[in-house]
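In the two complexes below, chain A is the common chain; its partner is chain B in one and chain C in the other.
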Partner chain A sequence: MESTPLDTQTTVESDVATRPEEASLPPLEWMQRNLFGGGQGSVGAVARSTSLTVVFTLLGLFAYQQLLNFIFSEETNWNSVRVNLRLLFTQAYPESDYHRIWVSLGLVLVLSGVGLGLMKVGRGISMKKIATWCVGWGVLVVLGVFLRQPSVLVGDDGTPLLADADGVALARDGLGALVYLDGSPAPSQGLSVVRESYGDAISSRSGWLLIGLVLIGIAAAIWFGFGDKRRRSTFLPAIPLSIAGIGALISTTWWYNWGNYTFSTDEETGVSGFNFEPSVKVAETTRNPWTIMFVVLVVAYVLGRRLRGRAFEQHFRGLLILGWFLAPFVTFFAILRGPEFDWAYVAAVDLPLWLAFGIGGAALMWALTKPGIGEVGRVLAVLVLAIAAFTWIAAFFGWFGMLQKVRLSFLLLGLTALLAPNFIGEARQRLTLVYVWTGTITIFHVMATIINTPSSIEVPTEDFAGGFMVSIYVTVFTLLFSFPLGVLLALARTSRLPIFRLLATVYIEAFRGVPLITMLFFFTVFVNLFLPEGMELALLAAVTIAFVLFSAAYLAENVRGGLQAVRRGQYEASDALGLTTVQRTGFIVLPQGLRVSIPPLVGQAIATYKETSLLAIVGVFDFLRMARDIIPNQPEFLGERKPALLFICVIYFVGAYAMSKYSQRLEKNLGVGER
Partner chain B sequence: MQKHLLLRLLAVLLGFTLVASACGDDDSDSGEAADSEDVVETTQDGSVLAAVVARGELNCGVSGAGVGFSVTQPDGSQVGFDADYCRATAAAILGDADAVNFVPLTAAERFTAVQTGQVDVLFRNTTWTQSRDTDVGMDFGPTTYFDGQQLMGRASDGFSGASGVANIDGAVVCTNAGTTTEKNIADAADAEGISIDLQTFEDFNQVTDAFINGACDIITTDGSALVGRKAEQQPADQEWAIFPATPISKEPLGPTYGQNDSAFADAVNWTVYATMIADENGINEGNVDDAAANPPTAEIGRLLGGEGELQSAMGLSADAFYQVISQVGNYSDIFDRHLTPLGITREGSANAQWTDGGLIYAPPAR
Partner chain C sequence: MSINDATVAVTEELATRDDMIICEGVDKWYGDFQALKGVSATIKEREVVVVLGPSGSGKSTWIRCINRLEQHQSGRIIVDGVELTNDTRNIEKIRSEVGMVFQQFNLFPHLTVRDNITLAPIWVRKKPRGEAEALATQLLERVGIPEQADKFPGQLSGGQQQRVAIARALAMEPRVMLFDEPTSALDPEMIKEVLDVMKDLARGGMTMIVVTHEMGFAREVADRIIFMESGEIVETGTPEHFFTSPEEDRTKLFLSQIL
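This part shows the complex of A and B:
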């Protein structure tokens, strides 16, 4: 059959849409039917539906009006957010090292861009959706223009004009005291601010009005210019559209004057001060990096698109996943932390150790996978594990000094050696294990060396990271460690071995029974008191561990739910095929179970992201603490809490919404709820 | 065949162990158990002073959110009266006022931070009390700022600087929870035999908001904080009054450190005293170089390091206090830089020099 564009459309639709799609109604008819109880016949139904619609619309409009009044009020000092953006996002991270942040962001954007390019493309956004979106925002903007109260009139000195209880205007005399215009003293009570007239207010907002009307106009053009069929079946690609949107936003730094709100300290005089210069484009300092970031994103996306469908796509996807796994470690410890290497020590100790374990371990793996090695292999693997265990015991009793890294390397070696029997066979199979070992030990040694090296970032505070940076990294590391732990716990809880079942159940119930904030206090306050004298758990490490343990318990239950959705027949079938327990779990049970648990897993990820705001209570200088405690106690912004709190709400929302959208896409791609 | 293989592999393993122990001797990385023993030694056997010198940096606990005392600037740096005393201490011990690692702490965390060694000293508007000095295991240095709890009311409600606790009968009094202010005002009201409606909020920003919008008639906390609030937040159509002139509680604020560490305590205390002695003798940031070259009095000569014996005996460099005055300033310099702009004055208060009838008094440097 020849495939015409129309044919592909219909096949795609019948493929995806399982429930019949209603033909869209004209807007008026839709409103009558859905908002005002039309089409139901009885008068009572119409009255009920109409009154509900009216009451809740009014409530919504009232909330919207209050929000607008606050955001655009002349009395709301947004400067407290503007000059503190650096503090909010990075705390005291030195400006001279900001290129490290850009490099980290660039790395993440490369991974995201390539990932987006490789992503399975859905249908895109229908014209109907775009029209709805335009009309929604258009109406919001137009309503906002009319709903917001008129602005306060501000005098030449920047303070609002005041009037007495009868509305007679007041002024300030030379000493700053309030007087009537004729110079007589003003009363101290019943004063109110002077607002412009409603007509002036509307005309001064004509720009916004125009934007709103243009959006509604676009919607109308799409609605009336397209037939019903074409509205539903003409699609714009979602990802390029989003990238174009980001590009448009970044392009504003080149032509729109965002103003310059900075805080700086004069190197010579040591005098520091705020700088509010609406005439200078703040963009001048950030537009080059942002533009570079955008180019990086676009190039990565195009690269991803090019790679899609190539023969080596699968390998490339594997690399990408490894990249995502390593990115938090690399950006945090190697880039942002700026390790200051003692190269002599690296050459004398770190390098030889790595070579010894790399080459020696590779040789061991090669030998252990020799066909016909038999029980000797197992004995040796257990021996290595015994050595690893011995090094820990020695450390406990303080018998002889040894680098922590060496102990961990022995442990890794022992664990990898245990895997060896699975790789016995031809050279190719044996080499796989050798590669796995070399890769693991290289990553481990490089990271251990970097983490042990002192930071070169000069900050006036304890930790180099703070603000939103800390919230993000605690979230990412928590997800990275708690996911595997959670899956293991879920498997243990459904295991046939009673001891695993018992331990997992006790763990999960214990950690789900304790509030997160209690765990955080426990780990930040008590653990340090229990540790041996002189040994200390850094605050950020302590809270991350608390988060990981807590989150893993919840993830485990989510995953267990998914595992239970895997049908009995799947287990029986894999048994019939002669798969081992490991193979059955890895290839049959987990892939199906995890797919089902995507929605709760993402829910847990979003919850973790939002719960990082609890860090403010245990003394971490995170996003919330900056907005709640630090900014309102700067003398210039004393008591100014609301703007910063609203701002961090918006940032938290953007992050959580992006995660939720991504999970919806993932569900669609994996066909959750359809198969 | 298999036996040979086993032997060979055992040899490889033995090689590993040898390399590992060879490298293990200089145990310098991995911030965990292994290298912790060094840290223990310095904190147990030596003074914190030695640890600070070895580290090359002073870990100083501050509030980070105390107007006038330690404010976190938009670039993350700390500025204020307490922050300057951290810098002064660093200048005395290390010769560099910038060698400070500021650790912002909440009121709840501060003593644990000293006990676990997270910070060397607290300059975190901490009131010197008997229980903290004894039971909590802290030691306190000379008071740098004599604060006291006061009340603030609206002039339109008839309050003025001359009002007293007796005038607030029946008023809604607001303060922040978890501090002694709550108990102090309740005690003061009981003593006067009046009844008040006491309401507590989580932090003082909420208290001030409630005061501005009329939910509270009176708010109460340390006088220094009230002065700052009045200066920054008093609306154009309100007139606020702070009273009574003599505070209802004593809040002596000063340096706090772990107990029984005389060497470190001396270094911190004499840093504070040095700023006071310099103030008393009119030696400030501007003229300290001249004074060091031609000491006006023998005491100033000794203080700024002429002979240097006094400082050396303490384990500091001879010019330690010269560095303090030249890099940070004397008591007045510090006070004027951070507290005067808020409207807090020294004249007539407990924070005036003892020669002016105040309580700022340092033992002689000899």
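This part shows the complex of A and C:
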């Protein structure tokens, strides 16, 4: 057959000629244009925008000053945060098992490092951006140096010095009463604290001033040393730069005297207490693990870069995704459980059960994927599901005892069997399903065994270590489970079958109609009533389920929005090619629909992360509860709330900001090839 | 109905071939509106049929019934010996034997050109990936754009996209190809490149049903022209018969409006 003439003229080449860019404005003009209404328009309009700029600048400066005054005030006791860092992040996790936390963090860092290494490299950060960034921070620091009020002077006893209304200094006599220096009694009204002179204040902050000026200097050097063109077109790689930044921060633990603040228990006397040692290096137990963590990150990153472009990169990426999926479970178990196996029981019960389900299930999958099995396959799969359902019904009514593990295994078996028709074909395809099954059942049985085994780790609350770690875990598990559930709900709600639509709609509306906090209380109280006999959920598990169900309802609506954006023609094209409904959904509809819903999905993820602070109210020792209830009740820091609250604000912000940045990157990367 | 000599000759030759598509009294309602009124037609193997008719006459509806994108309410549709019923296995079988090309291309925007083409062969025909990719390369060469395999549809011109859509349908190695106004969404200078591919396909012996307004194509390539109006087949004949001596008044009116 002759081929049609080539027609390369109409090829759309991706931007051969780059768009001419506007030159950067000189600073003064930039200010004029951006702050004062551009000097265009009527005098009135300029005056209006100028006055708005002035008013909001003053407001901003005032807020900034107050914040600095608080942060650096002598009266703010940051020791309450410094000493309690461990408490804030992991609650009173036993010191002797702390290596488990480090190992878990290390695992996450390995995955992150390799992932970053494999990531598609963007253009990086332009010198222009770095200059802007430096000048911004530099100005902020310099402003801070001048804005912050001079420090309050303190006497030898650590209390602030006071003066009367005329500024004459006061002191305390032997009984603690306020007197003039000559011993005459002081008035009780109109007293004020004594501050150092403004000049002294500035000179005592010269270190900060220097930092600010250096930053501005760097910016100026970039701005004037590079021409306009080079400023825009010189890029530094973003990821290595960030890693270097982290490295620089961690290296300070080796040479800078951050001070050593710990809470420790004396082994001999059994007395515990806080130790404050300013102006020494941080403890080795902080420095060494962090240094190792950094090395791990770097090594993983380099490994990732090495793997890029290799033939097996695709497989490796798959492995990485699997790793991310398993990491929350693995680390959760690593941190929570030091199982003390009863090996006899394991050999007598757990192992045989695993073998039975593993081998039996594998044989079933092999049989179900036989070409030409037809309806028999579907019937068999439904039969297994029916057995699973029956074991659960039996559990509710207490007809006969059975290991929970067995019930869940049957359920897994039934669900996997339902997938079988998609794998009918050659041996290779059939084996895939067999592998999927053996993998699933093995992971499940290992986890179930670990969870059923008593643990040697003693955490203060029965659930889990607390603090930020619990916030993270609840967030991760919530996202991990609510995402698939939300997608399923969205599919059900857009399904052609009315019963699915009805169920999904009822579910979604019900969960969206109840405030989250109400639901959390409901679940902590009621969920155990819905469970089969002999099964009880820990508080944390109950609230996590509440979070999952709640978040799924919202995710479902976001995903539905995306699904509706998929055009009819896409369905028709898939149908015309003979794709099954499952294939059409998995390959065509979901990938397109989810892409559209990335921004709201990430919004929902961030909301979930922040909403975990509600855990404090239902009695979980989470991050917020540590800062709000626990620390202010320590004898040393009675009533000391503000520093810790400010601190957790910052940590929450960093996490949320990182997610939001990541989603922007994701959107950009996935935007390729969109119409 | 009297038919002229040329038509008789062609009809006799066609009669020796196997029936590929048989429609018998196909009715299709949208709510109370009847879009197809007893459509009966037989399309032979390797036959190229062009369907003409004014807008809203049911052309799209008819060919979309042939691969079950629309469901007919009464009458019979038999494709390559398999009747379209509610049995999903028959529908799946027929869909994988009938390729379709749409006016709006309907390529998958999130997949590269190559993946657009290989998706169905791999997952429906269960071809090994390597084989499917070799086929994709070969098909892209056939439609004249081998160098575009790694681009996304959004990066191609309309004509190129439509040729990819044709390659995608061909990758299933269908026995019948349906075209629903494949060139209507294209700029005039791109129409030819798509029509060339289709002519090529017709010469290669593909059974085709083409809904189009390209009279030149109809005249040159069609074995038979079917004229529809208001959901009915009004007249059928060879291009020669159809363009030179149409019998029905409605056909004459239609031709006088477009020619």
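Descriptive notes on the structure:
Convention: the second predicted complex is superposed on the first by the 620 of 675 C-alpha atoms of A that agree within 3 Å, B and C clash if a C-alpha of one lies under 4 Å from a C-alpha of the other, contacts with A are read in each partner's own complex, and residues count from 1 in each chain.
Methods note: a residue touches a chain if its C-beta (ideal position, glycine included) is under 8 Å from a C-beta of that chain, and two chains touch if they have at least 3 such contacts.
A quick note: this is a predicted structure, and the numbers were derived from the prediction, not measured.
By the touch criterion defined above, A:632 reaches chain B but does not reach chain C. Within the superposed three-chain model, A:426 lies in touch with chain C and out of touch with chain B [touch as defined at top]. Legend: residue contacts after superposition of the two complexes on their common chain; A:595 is shown touching chain C, with no touch to chain B. By the touch criterion defined above, A:380 reaches chain B but does not reach chain C. Of the two partner chains, chain B is the only one that A:356 touches; chain C does not reach it.
Set against each other, chain B and chain C touch different numbers of residues in chain A, with B touching more.
In the overlay built on the shared chain, the residue A:243 is in contact with neither chain B nor chain C.
Shared contact residues on chain A (touching chain B in one structure, chain C in the other): none found.
If you check the complex, the residues on chain C that touch chain A are 67-69, 92, 95-96, 98-100, 102, 104, 106-110, 112, 119-120, 123-124, 126, 141-145, 147-148, 151-157, 159-160, 168-169, 172, 190, 193, 196-197, 200, 203-204.
Residues 83-84, 86-87, 91-93, 95, 159-160, 162, 178, 188-189, 191, 263-265, 272, 274, 345, 349, 352-353, 356-357, 360, 363-364, 367-368, 370, 373-374, 376, 379-380, 383-384, 387, 391, 395, 398, 400-406, 410, 448-449, 452-453, 459-462, 466, 525, 528-529, 532-536, 619, 621, 628-630, 632-635, 638-639, 641 of chain A are the ones that touch chain B when the two sit in their complex.
For chain B in complex with chain A, the residues that touch the partner chain are 2, 5-6, 8-9, 12-13, 15-17, 19-21, 23-34, 36-40, 43-44, 59, 64-68, 71-79, 100-106, 109, 112, 116-118, 155-156, 203, 205, 208-209, 228-229, 232-233, 236-239, 341-342.
Chain contact summary for the complex, chain A toward chain C: residues 1-8, 10-12, 14, 425-426, 429, 567, 569-570, 572-573, 575-580, 583, 587-588, 591-592, 595, 672-675.
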